[in-house]
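You will see two complexes here that share chain A, one where it goes with chain B and one where it goes with chain C.
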Partner chain A sequence: MLEATAPGNRPARPARSQRRYDQDWKQGLLFVVPALAFFLLFTVYPFVRTISLSFSDWDGLSNHANFVGLDNYSAALHDSLWWRSLLNGGLFVAAALLLMTPLGLLLAVGVERVRRGRAAYRTAFYVPTILSGIVVAVIWKWLYQPYGGPINQAFDQLGLHSVARAWLGDGGTALWAVSLASIWQGVGYPFLLYLAGLQSIPDEVYEAAAVDGASERRIFFSITLPLLRPVITTVNILTILGAMQMFNLVLAMTNGGPGYSTEVPVLHIYREAFGLFHFGYASALAVIFGVLLLAVSIAQLRLARRGADR
Partner chain B sequence: MSTSAGRLLSRGSRAPRRRLLHLALLGWAVASLLPLLWTLSASLQSNQEIYSGIHLIPRHLELGNYTQAWTQAHFSTYFKNSVIYTVTIVAGVLIISSLAAYAFARMRFPLKNLVFYLFLIFLTFPLPGSFIPLYVLLVNLGLIDTPLGYILPMINAGLPVAIFILRSFFEEIPREIEESARIDGATRLQVYRLIALPLAKPALATITIFTALSVWNEFLFALVVFSDQQRMPLQVGLMTFQGTFFSQYGLMMAATTITMVPALAIYLVFQRFIVRGVMAGAVRG
Partner chain C sequence: MNRSHVPPPASATAEQTPRGFSRRSVLTALAGISLTVAGCAPGGNDKSSASSSSGKSSVTLNFWHYFTDRAELLQQFADQYHDQTGVTVKLQLIPGDTLGQKFQAAAQAGRLPDVAAGWTGVGDGLAPYAKQGTILNLQAAMNDGWSQRFYPAHLQAGSFQPGNSFGVPPGPYLVPLDANNMQILYNTKHFAKAGISAPPATFADFLDASAKLATAGVVPFTSGFASWPLDSFAQMYQYDVIGADAMDATFSGKRKYTDPAWLDFLGLFQQLRESKALAQGILAADMPAAESLFANGQAGMIFDGSWAVGVFKQKNPGFTDYDVMLPPSVGGATGKLAIPGGVGAQLLVVGTSPHKDEAVKFVRWLTDPDQQVKYATTSANLPANREVAGKISTTPVLQKFAAEMDKVFPSLPHSMPAAVNTSLHAGLQNILAGKSAPAAVAAALQHAQSTGQAK
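On to the complex of A and B.
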């Protein structure tokens, strides 16, 4: 960075350095051009194109598309299925924030406290997290199978026949069944982040508190938790973004059903585009959803900052 | 590791409490692994045996599920495709990101900081539904339903994080090492290739593992790009397959095992890179 941030020195430098600089920036561009080309073609262009498509009625097939102004956006406001999918996304977020992240924190605190078996626990807890959504979906779909599925078979063997049901086929349980599978898969990530956060707290802090005679509970709530605040913010943002954008699990386990009880935003966008060929409308939904996700992240960061200032 | 803190915290606690803690942790460890053991067990059972009641140890090993999944259900093709895509995308990400990261860390060129911050913004900015314009772009380029049409955008997806990690790594390499090589007449490319890259091995390893896992597990974009079964990777193959053959549990679970074992193997062998990568991200915020 020294070279780059000291342009004022340039005139004073000998000619050799000047030549080297000229050579350097041409080469520098050559080093960056491949990455830049990818970035412009596959990130910036699609980004711009999503916005421009969102003002059109393009069907994804014909050569012609009409400019329709904000029609797609006002249509989204009256799309009850879209609202339903946002609500379902919100329910997935709620379940993840109320169950998954606290469980991740509990597991991290637990692993931090034991002396033996730390590495083994860590390895085991993170295994489901490295599996793909489709693999997790197939495994859990089988566990939930009404006939021959291990969960119902277990209930039968325990004599609890009335509890057994078609977990994914019942509109009342499907969303929570998918949510449970996603928590099982996802908890490893907050666990690992919290564990890293706990291990970055210096021992001296605990020692000082213990010398002052603080109780274990007191230490946790007035030292550990406040020091973990940045990690908590990170975990919350990632959890919200992840749960809102759930797609693979839902597609493979329920395909949004039964009825629309597990319809989620990305699935809705996908179906509008590739099922109904409403490319313009699907793009508008994508823009709305992107802005919503961005707003949630910024709000979380703001909240965290205000909390930290207090 | 704060062992002394652990000792302090457990100062007043007696052995039964620690045993209770172990029991709870063990409970979640079992919950994490049991579904996988069940999957493995079912993949080795005939359908009749699975329907006859749950048990973890198969009564007699049924390997037919695997041969059937591998040959008749095309999982050998899916597997080969997944390997090709993963290797190519990882290689592309490593080469292109390390070149760019080296330039960002060490070289001077116009608009350097602006370009770098653009990368950063798109790294943090959520772009849901970008599969729609990408699909349109690939159709226009004639790349839809081709391996290249999948590989190129996937390389792009891996670039920002890799550039971010590698840039800070290159910046930490002492300048003197590179300067002495340049005085000896080495070109920028030689310094990058012979000095900077070898020193960045730990970062390159982390990027390799993370990219490999995320490509192996990627589903949505592959679903959008491929309609030719011969070109599908495992995740799309498994998704298609489960729609038709779900009631053949043994076969399903064999197909699932084939799909997940490479990811599990990568995880178990290179675990320290994964843990270090996730944890480094956490502490940095």
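On to the complex of A and C.
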């Protein structure tokens, strides 16, 4: 029988049960402590330390650093290279959102429809994703080689000599060339997520639509896409975060050049910290960048939620 | 069901401590915490200074280097040194372009090696370490007769001068291991095919020869302009056009990068852009890519160092149709071209190492005549020890490189600030890509000098 209790009061626990509850709680806490220690040491501490360094002029080596207030943040506002790198990051995001995610969806829809060899396709499309960024850079640098590179040779054989060029050495094409390599490497991830999303849509929904005489196109736009909305949101957020944080491909393929045509935010932060010994300033840029990515993620989530509510 | 009705496991009941924790859970948790703490605790390098029973030292020295082509040779030296002294030298090969970052991270973590290859010259990049004592000032060791082995200019290149702008105690911090210089190597067959009878002596001749090579269907000129070779190439023409005194005055802030001499220097790169001299994709090419192009006989000229002789031999043993020439002068302020180089590989001793004395002895041993002869003959490099420089038989091309060592430009009291250097590298690439004009780059350099921020 349930005992009546005053609102807001927890029902009284029998004394023995209470003791047992306390024991379990403390025991559980003991098991959590190592993981908590790791989390505090390797996540919370660096995070707090980065924020505190962002208000200093630490050079990365000295035993002391001077407090400089908001100087680093103010300098970031006037750092034209920082803005340039953000713009380049935005272009990488645009290319990834407009090409990579639709391509991933297209591949997923195609693989979902095939009856044989689905596992082989899944593996083939996902292999580039598990390759190291440096390996991908080496492969694509070879493909883009101006002399004897397969891409230029292909254009030459097709009679398109004027199209062949130094793809990475030309400021007008370098960013898009790196972006293409990045899309090739990254498309497997949205593909897998979309494939999982497609497989979770119940067959009954499609069968009902077919009975109602809906066309393939109508089914795709009225059933598949709306039901994939949560996956699309996840893919978009991960794509934005991944493209904005691009680093190793750029470092290995162009090192930000020619000039600053492929300079990206993380490379700029890296250069400030490790090349110019401006650790305090680099920390401020890292904080700004983190806040920016958080804001973009929240905005994307809200947009998705608003779309779902309609 | 009420939780209190569930019987506790027998073992748990038996080992229950008075405070309610089982002994096993306490031990497990403590082990976890211990592992966590142990994993995070700063561990020293594997160093032992105890003497072995044979009387030889059992010290282990950790040596970080980036000499990919000389890794085997260095291992032979390490084995030989161990046999002679009992000191173990553990070599770790690290890519050259990341050694600086690895050293910095290790310095922050207190896990530095005992000896390391110098990844940068005396300047912004080395000053913080030298100032902190992280890198050893070798003045005392050099005073003991060690300095006599080296060309004064080579030793000076690794020394912070008295009154330097970084506030570093003056003295040598880098020990030269070999010597080199950078010039232009050219393919003799391609020159003959293009009708070029003599190596170009002036910048105008160079552009003319490039045009002839292009007409003959040869890639005229290449180098690794994606990275540091562009800076070395540019430095050469800074000396030629601007002159050492004006350069130093600009670096120290007494003159501006927008002065006419600097604009003339930057204008040279616009001329290069407008000529047919540069290989396609030179702005994305690193040195190995450029060296492959030249060693495979596709390029007419390459701006490279004396080490290239060994590289070409490795890449294409049958390739011998090349010679070397001094880069063409524009006859500017100095009227005399100075070339990059002097010291090649350099070594430093970590000042905070508990075995710094042993490390100094090992580095000194590497510069002994016997080791230097073996080093130079095996690696096709010019030795740093001047006592043995004339006693080594080398190829004619290497002999020509060696003959121009006196043309290596001297180190200046002030060096180009790192932010300006970054801006110059990008600015030159922009000029060569047709994206910027010399005046805009000069303004960016001045901005970097004034603000410390690359632009």
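Convention: the second predicted complex is superposed on the first by the 281 of 310 C-alpha atoms of A that agree within 3 Å, B and C clash if a C-alpha of one lies under 4 Å from a C-alpha of the other, contacts with A are read in each partner's own complex, and residues count from 1 in each chain.
The rule is short, and it goes like this: a residue touches a chain if its C-beta (ideal position, glycine included) is under 8 Å from a C-beta of that chain, and two chains touch if they have at least 3 such contacts.
This is a predicted model, so every value here is computed, not measured.
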Are chain B and chain C a fit on chain A, or do they clash, once the structures share the same frame? clash
Is A:P34 touching anything from chain B or chain C once the two structures are fitted on A? First, second, both or neither. both
Have a look at where A:I139 lands relative to chain B and chain C in the superposition and call it first, second, both or neither. first
Using the superposition on chain A described above, determine whether A:A196 touches chain B (first), chain C (second), both, or neither. first
Which of the two partners, first being chain B and second being chain C, lies in contact with A:G60: first, second, both, or neither? both
Does chain A have more residues touched by chain B or by chain C? B
Check whether A:V264 is in contact with chain B, with chain C, with both or with neither, and answer first, second, both or neither. neither
Once the structures are superposed on A, label A:G169 by its partner contacts, choosing first (chain B), second (chain C), both or neither. second
Just chain B (first), just chain C (second), both, or neither: which does A:G275 touch? second
Contacts for A:F247 in the overlay, against chain B (first) and chain C (second): which applies, first, second, both or neither? first
Could you tell me which of 55-63, 73-81 or 91-99 in chain C overlaps chain B after superposing the two complexes on chain A? 91-99
Residue overlap on chain A between the chain B interface and the chain C interface 26-27, 31, 34, 38, 41, 60, 141, 145, 147, 274
Sites on chain C touched by chain A in the complex: 2-4, 20-22, 25-26, 28-29, 32-33, 35-37, 40, 100-101, 104, 107-108, 124-125, 128-129, 132, 134, 219, 226-227, 279-285, 289, 293, 298, 418-419, 422, 426-427, 429-430, 432-433, 435-436, 452-455
Given the complex, residues on chain A that touch chain B span 1-4, 21, 24-29, 31-32, 34-36, 38-39, 41-47, 49-50, 53, 60, 103, 107, 110-115, 117, 120-128, 130-135, 138-143, 145, 147-148, 150, 153-154, 157, 184, 188-189, 192-203, 206-207, 210, 216, 219, 230-231, 233-234, 241, 245, 247-248, 251-252, 265-266, 269-270, 273-274, 279, 282-283, 285-287, 289-290, 293-294, 297
Touching residues of chain A toward chain C in the complex: what are they? 14, 16-17, 19-20, 22-23, 26-27, 30-31, 33-34, 37-38, 41, 59-63, 75, 79-81, 141, 144-147, 165-171, 174, 253-261, 271, 274-278
Contacting residues of chain B [partner chain A, same complex]: 1-6, 8-12, 18, 21-22, 24-25, 28-29, 31-33, 35-36, 38-39, 42, 50-51, 53-54, 96-97, 99-100, 102-104, 107-110, 112, 115, 118-119, 122, 124-137, 152-153, 155-157, 159-160, 163, 171, 175, 188-189, 192, 213, 216-220, 224, 235, 238-239, 242, 246, 249, 252-253, 256, 259-260, 263-264, 266-268, 271, 274-275, 278-283, 285
